[in-house]
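A single structure is presented below for examination.
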């Protein structure tokens, strides 16, 4: 029984922290938030050099062949740096392809994905279809999809789309097709670009019907997202604690008032608790699949709430300055809140936890 | 638009505070809590002299003929003093008799009730029947009741029982009947005696079928109970504030720490808010019946939560001493919590609020 | 106790409602300048019909309305979704401060153009280093003959770019204890020494400004309430801010809640039902219905306490703090109902959600308001 | 990262489980004395099989178990619903304190009878006026030759009526700063100068006692850690209290939660469904499942941090505070599920609900624990 990372995992974490803090300084994040595309080719190649697009792609396909723990380490750091990047949507696609692609599809796509030569993304929610991230009413007709999907990350810069459909499969659709309309949507979190994708009978290939592996892939996705929120919340907490030490009102640092210091202590409880759940879920994904879905839903439920509460609480500690665009805090709050609603919110995942625990 | 009491209402409040604080000192409350019966005949006659058993009984029947506002004033003060007394269960019976008794029943019982010559109480919950205070499955067969009713207040000292049945009526049952078994139950709140009543085919007379007036009577009952919680919470808050001023730790009064002072401010918010809702509900019962049910459920929902939170928070301010039997605080906490569960808890009344507001 | 309006109050409300029904100017045009001119025009219309400064004494152009009428006025304007007036701060805070602390000459000079929206007012209290600790402000005013020379920086100033007058608190005696050395000025904004910079918020809008003041001039006669008395005068301004705005805020919550319930009725939730039929959402909506009713009741109980005792009751101190919590939960529920749409900034609730983050900071942080309640209402020892 | 038990850890657990399976003494008898004798017998049995003081060094009669094994030990005993041992405080706190600060002679004198339950220990730290502010305690010890004469009052003393030894902190130098003038004694409880009074709690039980000490005698050799060094020694005792108990507490929550889910399955709620099918109850149960998992994970992460760095990680400071919140919500939900039955004290959940009120006070109030986290973990300035 040991929560400590292996030396390799420690090394990944250290590299990630150093790399990301050097490359994604606050002013860079701010520029990318204002940029239409949200990242540069240069930034993408650097991530490719680290091998991150292939982190979970098997070595046989040219990936790093690592597990969920390493995935979580990387996304915790991506969240801490708030690095705008299509990496997350790309890894979502890789997870689903690896889980339910046919042999040919895996052969065709996983290598280029791992090599960063192409990028994929994932289209989950139908328009006006409610909260559930696992229900779609899109009925594929003769290998073609007619549907409107909302909140699709990085669709404008992806090479292909995996579309969730009513038959519990995903359909792979190469973009650049005239029957596909990609509309940019102003997103709450400007560091992650979202699009509405309108498919008017676009041709698409079905992935295999593999409900078990697909559920496992989604569990990895939500665990990575929960880990992002851990990183985001950690950073917001550090900003709040630093501000509470520096800022003086009534001739003393505001961190010496319990209204502020107990608020910060609460942040620590929530950040560390979310982190424990994420590490556990990641470990279970790798080593204890029978626990993994429950652990992942627990992590996502808790980190959804904690991410928002901690960033929101950090804003309260900052007072007025935290409400200004000039201050970086709002980017963290917006990412945490957007993540809270992505792939099932806290309430939805609590329902899953109850069901999985056979309450 | 004026929230201020009339001169008469102010006078009732003042009298109640003075009378109750003189007669129900903490040591008296403590004795009565330990007593099996829970009150003395002497104490009952004093309440009768004030006319309180007949507060809502029409003057034609010898009562004071007052309204819900006066009812609320009295029960807020009863809660503040935490006076153990069968007054509440007796007034419940009077409200239901006045609302749905036949002419003969009103003639037969309201006068003696107002004069304090007899006492009634109300049996609402069937055994193991769930949370709802407005559902009973007791089917009266040929004028006789076979049922087990739980949490019946003051049954051992009452002269008659009003039993809620499945046909939405109440049945009046004179006690002292051999087919009725009254079992004392150790209650959470020892200042209000509860009993399980087992009816084995006891003869009973139906009250009239009058759903509207019965709902109105129940709205008055829950408003009175909410008002009790306002009084209880007010007193607990005063105890906490006083303790926070007196108790020193680390060489200063604990009330100078925000962890304590902000907690006390929160108590004030909740006490005053519950009070506003109770006064509004009482006024609506008297003057705006179309609003009364919603207002009463709002008051009960909020005061249920506030009563528990404020008393529990007061215990936290007191630290260890508040956890001892010797300190009076626990009696207040227990009353607040028991009231929270009587006649529908906060959650149940929120559902009613949503339904009544046509959400 | 009578929680209906009196006949006179009802007549007042009916007159106002029917006037608003006939004179509502419709939606505000887009664009900052156009919107401002529209608001100025709207205020002129109100003023022409005797609906500007309703609570001000008649001798200064007001209507001499009672407290309850004033509350009705603020409620009805929000209820009718009437536009803002151009001179919110002049009407709600500047005018009442001049009436309370100004000389007769000052009243004559400043009050009429406030009512007619001819001269717009803004507020210069907060500074970057003096947020909650207002009395620590550093803006300096130094006397040069019968003029004062003022330098410093102010922040969170609304309407600064349209304002003629700024309610400015500055330090005139650096040697006095911090609450004592302050003076309350009316600073002419139309001078080069005053530079206004819009301050963009997390919503993307720039509702507030920063004010950079470099040797601005203020004549001696523009002091309100006397030299060194700035703290007391500033408190008057803040008291008016909190009390006047309370009624508008609570009606605002009621309206938003109505919209939220509609939003819940029209949004698919899960398992084939709409959000308003979801038991967890219904619990939260019911709680908001209760809390918004409390905001209304506590506000009116506060008025009754003032009418009875001349001083506000304990409910009065709680309103702004409580409102901020209610409005924040309301917008959080809206986001939860929106589900995946919460990720999009197209949803109007996203804007409201972000805007509500400031509710517990603006106009007195919740922490400061709780201190005030603990110390002044409950009499707890001063926090050290 | 490996969140399964190692082979050695599994072997340890299996050995313990099978031993417990064979040796579980059944239910405690009713009555204070009978229950105590039963617990003493149980501890002797554990001791005989080498299961007393598992984490103590072998040379002092312990098992020299690793941190993880110690955690497993505490979990398994709760999981097996084994009875309490008679000498909880001696094993968990007194022994480890003597091991850390005692002389070799003291270790030889005191440790064996702790293990065998021959001498029971109790704790005399808190006083009526010194709750959270322990260092302000007033109990005085004055030297008379090679003896000390002690007078004062202690409170919240468990097991006092069975105890032979009391871990007593008293003031030996009234002129020193308050943390400096304290000394840690082992006081013999078997003297007339010590009077024990049971302290009834709001649950009706008397789990704790008050201790009235009037000129009790303590020989000089019963000082642990040296004169004037009482504060540091007391901190050791408290650290052991929090760390050892954490694993038992979290398993306790897991067991209670299992019972609560069963309770929800068997309780009618409304509209013809049981409570466990009610969507609002399900949300709350799921949240408790999550929080109780967090208690477990944070406790183990804390151990890993100690194993890596020798010092506890930030998770360690959070456990007791978080546990109290989780256990309180758990019992509150139980009351809500019980509905009208919550009004009756017959329901076992009513007792647990009342008992849980003390969780945020006993063993360090939540306020103090948050202060510690803020100051020592986050490095925020000391609260003044």
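Note that the chains are named A, B, C and D in the order they appear, and that numbering of residues resets to 1 at the start of each chain.
Please note the rule applied: contacts are C-beta pairs under 8 Å (C-beta built on N, C-alpha and C of every residue); 3 or more make two chains touch, one makes a residue touch a chain.
These numbers come from a predicted model, not from an experiment.
Distance from the centre of subunit D peaks at C, each centre being the average of the chain's Cα atoms. Chain pair with the larger contact count among B-C and C-D is B-C, by C-beta pairs in contact. Distance from the subunit C centre to the subunit D centre is 53 Å, each centre being the mean of its Cα atoms.
Computed from the mean C-alpha positions, the centre of subunit B lies at a distance of 40 Å from the centre of subunit D. Looking at subunit A, one finds that residues 257-260, 262, 347 touch two or more other chains. Annotation for subunit C: residues touching 2 or more other chains are 279-280, 283, 367, 370, 383-384. Residues 126, 128-133, 136, 155-156, 199-202, 204, 267-270, 280, 335-336, 338-346, 350, 353-354, 357-358, 360-362, 365-367, 370, 383 of subunit C are the ones touching subunit A in the complex. Taken together, the subunit D residues at the contact with subunit C in this complex read 278-280, 283, 384. Per the touch definition, subunit B reaches subunit A in the complex via residues 257-259, 262. Of all the residues in subunit A, the ones that touch subunit D in their complex are 1-6, 9, 69, 241, 244-245, 252-253, 255-258, 260-262, 264-266, 268-269, 272-273, 276-277, 279-280, 283-284, 287-288, 295, 298, 301-302, 347, 350-351, 353-354, 357, 359.
Residues 124-125, 128-133, 135, 150-151, 185-189, 194, 248-251, 257, 259-260, 312, 315-316, 319-326, 330, 333-334, 337-338, 341-342, 345, 347-348 of subunit B touch subunit D in their complex.
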